[in-house]
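Shared chain: chain A. Partners: chain B in the first complex, chain C in the second.
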Partner chain A sequence: MAEETTNPPPAETPAAPKAAPTAKPASPASAGAKPAAAKPAAAKPAGHAAPKGPPLATLTPELVQLQQQFGESVITPAPYVGVLVNDPSKLRDVMTYVRDQLGFDMLANATAVDYIKEGYIEVVYHPQRSKGGQPITLKVRVPRGNDPVAPTEVAVPSLTPIYAGAEFQEREIYDMYGVRFEGHPDLRRILTWEGFYGWPLRKDWHEPYYEGDTKPFDSRWPGGHHELAEERVPWADNVNYPPGFDPLNFNANPDAGLYDTMISGVPGVEEIASNGHAQRSPQFKGVGAAVPVLDRNYNNLADEEELQTDQIIVNMGPQHPSTHGVLRMVVKLDGETVTDLKLVLGYLHRNHEKIGERNTWLHNIPYTDRLDYICGIANELGYVITVEKMMGIKPTERAEYLRVIMTELTRIESHFWAIGFLLNDLGAFYTPALYFITERDLILDLFESVTGSRLMCNYMRFGGVSRDLTEDQLMHARQLAFDRIPRKIDELEQLLTDNEIIKARTIGVGYLPADRSINYSLTGPCLRAAGVPYDIRRVDPYSIYDRFDFEIPVFYGADVYDRYRVRVAEMRQSLRIVQQALNQLDQTKPGDIQAGKKAYNHRVPAGEAYGRVETPKGELGFYLVSDGGQNPYRYHVRSSSFINLNSLKEMTVGHKVADAVVILGSLDIVLGEVDR
Partner chain B sequence: MGLMGTGILKGLGVTLRHFIDTYAEDLKYILNKSGVQQPRPLRRQSPKNRGLVTVEYPRERLPLPENFRYIPFLVYDTEKQDDKCTSCGICAKVCPPQCIWIVRTEDPVTKRPVPQPKEFYIDTTICMNCGYCAEFCPFDAIKMDHDYELSYYPNQEPSARLVHDKARLTKPDTYHASIHPTDWRRELEDRAAEEAKKKAAAEAKAKADAAKVSGGAAPSGAPPAAKPAPAAKPAAPAAKPAASKSSAEPAADAPAAPSDAAQAGESQ
Partner chain C sequence: MAELTNANAPEGFQNDPRVPDELKNNVFITSLDKIYNWGRKRSVWPMLFGLACCAIEMIATAASRHDLSRFGWELMRASPRQADLMIVSGTVTKKMIPQIVRLYNQMPEPRYVIAMGACATAGGPFKEGYNVVSGVDKFIPVDVYITGCPPRPEALLHSFIKLQEKIEKQSLRNVPWYQKGEEDVVPIPVLGPDLVDLRRAQEIREKAAQAAPTQEQPAA
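Right, the complex of A and B next:
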């Protein structure tokens, strides 16, 4: 906890004079950054915290060791948390050391923050040990530049050779912030389409219908008259066309770059990698970042000289039931065998993070339900405990128990769903799925009667939960936890575990060994099915999980079958937790569900935190930066579904196309969280 | 792996059991039609049910839990013949997608704000049904509804559409009481407690006044009993009747709605 919590002491404390000089050496490195405009410590909460001479982090032993190794000129303490790598070109050396010498073998999270006032973008990494413990924080700064289309001039070395799990995360940073990554194998946009104008998470990027930087919007009250956003015609004056863009004469093929990367020998991959982004083509009219021109006939790949065999590229999705939502898998097939696979994401992208930065702290809670909508309550818990960490408050005892009960029921419910649909992917259409959906719905009945909604529960509050359970609801929960669900899990195993067809289809399929899984930042049941007992409830306990007696089930097959078995075993463990929590709930005071007074206008002290929870899908992290105001300055969601997808290619290549569907099913992704 | 095929047989056994359970459950229902049992949908959805849980919506409907929340509505105080909303604007502030728009009433003469909304819109196309508005409204003036069937035909008049104006949003407190009995009881208790407190305070004040100036206690002691809230009310009546007449819908709706609600509540 020590490292990741913020340092609340204000800048005026004796710590401040010490902080200012040490902060100095940090700025020269960030070339274009205005030399630490730290002095005029604006007392106003507006603006980012950095210029106020924020408190420096107390370094953990690992970071001290790192600093000794590389010297104070390379590694300096960063504001609030972690260290700053002053020279981006040293980043790979530092990270290699972090991975190999310090044992942080897994890149939990990588993201960026746009400090527009200071003129730089800060890329933030959170490596962690697969053995457990807190992640450490490393940061790199690059000048952001002011060209709305060009990515940053200074490139950050890509960490993909060190952590394979960095691939999608770096693409996301590139897509959202325009940070170039040197040496990235496939640096294209990932959540928006190739050709999107601008870098949407930068603070100066505004969308059509832009209303204001922060909520609440002035237009609503007092004296606000309703207007429908879509009645402000899309082509009217609040939409800014990119320079040179002509909507009537628009032809882009955003997929050209994608297909090029799948055809060997075509300048595509190399070109993109060396330039950091694709070249802008002369034929391409207008829109922002570049797309290579489509000048080959992709429908007829057999004729291409580069592909001597009859390999074909097939698009699966984005609207195919087997892709679990709007996910598009582009597979290169040799006969029926998958030889290459690329994912096209972002069909459900709504820039959750940008919305989150406009929202107030409280507004964000119901939005987190919409991330992974199968397990909304688990997402809320992640967000709420991160903010509580920053605010330094604790929920009441009863609220803690209620949180655990609801979250673990969510896990059971989500695993039921995952297993049911895995069976669908195997071709067992809907009979097993519907059996499990029944159980899930009984759990959702409880959620509905307690919180008012089945999926979008909006149950957690800072310092508590929104509602207590009545006697009837407790009864329902007990019936489920002690009687119905244990019986149904037995039945599920009876139905499936020994089934020969299931075994034949899943054993050995989608194999990804433990070391690769870790390198890919795979988390959740998939990692535990590869023999790594990594569960945040144990390795970095939060809430009151340390009070319960439960096990972390681990299997060693690293294939689809063991992912299934881990989920079943986890449901049993979750039941144990729910049962214990329900029994201990009597010791708490009924109705005491909110610590302090319930408020809607929270202010969170300036600082930052990375908080995480174990959702049914894996590690869900929230990286939050506060400038002391009512709205988060940065709101990043480390989504497990998104990062787990990173490893799909390695799991799938070499298998049959029918297995690709099953492997995807075994990852158990939810597109609401992948695309955000 | 054991004998080849045993796993499949076991699995088939499970499906067969489900099949039989469902019919057994239905049989019980038919034999028991005399009404000894719970209504069918309720029973079907209970954790004790072993068969199929399907309910044939819209012919059968599940009773909604009291906490169920859908698009909010404004509560109209039938006793005082007045909107409960004071247009304080808190709901508009806490609304995450910012779908509430409020226009305050102004006193036509003094131009001072009157604690009553002139216009009130909720854009239900973007309302996320989070329930914050109801949770944070300090006056219990906005509540979450149970009516989830809001679709309309394109040729219907605009008032049926999904931007709800004040007339569409306003529903009488009797309706609120019928769908949220627990909440309503709490409100009544709160109100009673507050009144008792006020009364006690007034009495204490009267006593203190009486102790101070034995003569002037009576005239000053009586009015405080109806102190802070009504203070604004006497100023309002000028505007009030006009306002509630001009937006005549709520009044017209008012008698109809509760019976609808009662039906909806019982039609399971």
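Right, the complex of A and C next:
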């Protein structure tokens, strides 16, 4: 699998290699093939100033095939990327064809864009193949209503029967744009609450502290007059009510509909629950079967009849020590067994996307740090390469290496954290985590000395990075990569991998087989623990990952134990990458960390792009639309934590409630990225 | 509190016949305030409660390098009933504030609040966001604010020292929780079309009746 995907077919990746020639027509065509460090730098200013960016996506053979199949109902509007399904009622047919005939079995991303001038909202889908390659883009349009509260009149067919991973994404689109999805099993608001006034990401919806459409705000120019936000709004606060709202007399029900589907019983759940456990992974060999206490089925203990219990609904969170932040899990319990589970998200919804659409392009880099705050630098890379793709610039050689070193260190650091807190969830409270936090702190020391901050590094720039590593810092990095961390990973494995308690509690728990994982668009270590060698660094390489010798660790248990093992193995692979990168760094020119001039204002050519990277949690994608100005017209974050959470229910139902905590821990979510 | 030894014990007490011999050198005289605060300030139990990125630094503060235990504060409790201190470590959103206020009300007095980081202090980088509360002090009283995004662990430790200083200065005679009268309970805000602060219900109603909302506010 790995060999098959190492070299992407060049025709399908218009991004990096072809970028330079297109941006600067005069440059020789040979500039594309592994150029010397100076060459792309020379091409850069031209690319930057050129009015048109590189073609972001061409009509791939799949799209051509799709058009032949569906004829008139699938069209390609000229300046746009991808194809448009111009009859929404055909969407399901098209998507079924895309999944079954073309092999795009994962829905990488679904989002929407409000084209207010044209009067429609465009729903954008990015299906992709779990075998690798680039995603394709499909769109449908629905007329946007102008009613601030009512959802759109025309509904889009829900894709949940085709891609299970669409569920949360469609709910998010509904929540943010008011697009209705027909046939969705549970179409409620997800990030805000039921009863929220308006559709926040529509362009004509303004937040209470609204000051202007784009930053920098006029009122903030030197000499201009600036009022405090509190003084500008009538409520003197960050709130906004519909006219005539009476706060003493209204019906508040932020959880409307939440318990409905749970109480009525969800189809399929009963039978899984009735035999006391979910599907076992094939790897499950009954560890501890000889020890009666560890026989988790309790088969011979009593007659099932005698143990009849009532079902109760329990809220875990949003303030709960094991929910990894402000996540709320609503579980239906039969005794100790989880028979249903719902998630309530949005307790950390910080309006990342709305703020991102007001910010300038550069402004957004520090914000991406705050998405998945365990591994800030990895998020920055995702954003930066997407914008670079649109601008058609390429970072310098040294910057590429520094990026790789830093992001891979982040991966190690993030996995340390994930494993430490997985043990927390298993009941080994804090002591194991202390060991890993100690190692993590050493990596953070390097980040801090280079970037000035431990977590929020703000390190990447378009076309480069903000700082080079000094000799001392390189020494520190070498010491970590060649000596300290390898030793510590060995130690970690000695302590944990064969630990009997860990095995007894994790093997076979949270099983989700490969086909279901793919259908749920699960990405990251969780997918690789289910036997799918899907890692964007390999299947759709970005930056300079194609130069390094590393493996994609894959395990086949699809359970918590293998998710743990994948993470450990990945840390070793990341170390390999860091070591190679550190060794090759000498061949680059010190200080050459920024292509072109440093700039505060970037104009990004009109167009759109979907760029993605493999963060420690999975696929982090950025869907950006530019109208040629200083600010993104649309700024969407496809967050892996958010989409991975979709599958939590299926993993958990049938297990004990104590395992629910462990399964959540094995997903390794970060709420900043879930709720954005 | 200064160390009291036999040598610096107040005159007269060394030979006080009321103090039996075996207790000599073991009796210290101090004020009730001092001994009470001395005990309190070294056993503040924070609530295990993280909101966002700042919580990561809070956890790092509790880990071995920065070691919160040195202050006697390492016992983080998951239940508000057992906690004295709420470290609001992260962005306070409108969806979350009802829970925060509820947790605050559930904490027994004396209780303290540290607003950790820019977000908890004033909204931080996300202040303009429609789901963000501009600082937790709009709803619950805050004792110590820390700047930073996120504050370094040292800054959090500093805030502990500051809070200890504050506790030291309190006197039993006038601390609010021993006063007569109603307990000061913050009404839990409600999620309606937007966050409704019930303390301001009357004002909101009047303004909503006469003014159109900022929805149509012209661009600057």
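In this section, the second predicted complex is superposed on the first by the 545 of 676 C-alpha atoms of A that agree within 3 Å, B and C clash if a C-alpha of one lies under 4 Å from a C-alpha of the other, contacts with A are read in each partner's own complex, and residues count from 1 in each chain.
Simple rule for what comes next: a residue touches a chain if its C-beta (ideal position, glycine included) is under 8 Å from a C-beta of that chain, and two chains touch if they have at least 3 such contacts.
Everything numeric here is computed off the predicted structure, so don't read it as measured data.
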Which of the two partners, first being chain B and second being chain C, lies in contact with A:Thr261: first, second, both, or neither?
neither
Contacts of A:Pro243 with chain B and chain C, given as first, second, both or neither
second
Determine, under the contact definition given at the top, whether A:Asp441 touches first (chain B), second (chain C), both, or neither.
both
After superposition on the shared chain, which partner residues are touched by A:Lys503: those of chain B (first), chain C (second), both, or neither?
first
Kindly classify A:Tyr373 by the partners it touches after superposition: chain B alone (first), chain C alone (second), both, or neither?
second
Based on the superposed arrangement, let me know which partner A:Gly325 touches: chain B (first), chain C (second), both, or neither?
second
Looking at A:Thr523, would you say it contacts chain B, chain C, both, or neither? Reply first, second, both or neither.
neither
With both complexes superposed on chain A, which partner does A:Leu480 reach: first (chain B), second (chain C), both or neither?
first
Which partner chains sit in contact with A:Tyr197 here, chain B, chain C, both or neither? Use first/second/both/neither.
second
In this superposition, which partner touches a larger number of chain A residues, chain B or chain C?
C
On chain A, what residues does chain B touch that chain C touches as well?
211, 217, 219, 366-367, 438, 441, 456
In their complex, what parts of chain C are in touch with chain A?
48-53, 55-57, 59-60, 62-65, 78, 90-91, 93, 95-96, 99, 103, 123, 125-134, 138, 149-150, 152, 190-198, 200-202, 204-205, 207-209, 211-215, 217, 219-220
In the complex, chain A touches chain C at residues 148, 191-193, 195-198, 200, 205-213, 217-219, 229-230, 233-235, 237-248, 250, 252, 254, 318-321, 325-326, 346-352, 354-355, 358, 366-367, 370, 373-374, 430, 433-434, 437-438, 441, 454-456, 671-672
Residues of chain B touching chain A in their complex?
1-2, 4-8, 10-11, 13-15, 18, 45, 47-48, 53, 65-69, 87, 89-90, 92-96, 98, 100-104, 113, 119, 121, 123, 125, 128-132, 135-136, 144, 163
Residue set of chain A touching chain B in the complex reads 211, 215-217, 219-226, 228, 359, 362-364, 366-367, 431, 435, 438, 441-442, 445, 448-453, 456, 458, 466-467, 476, 479-480, 483-484, 491, 494-503, 598, 600-601
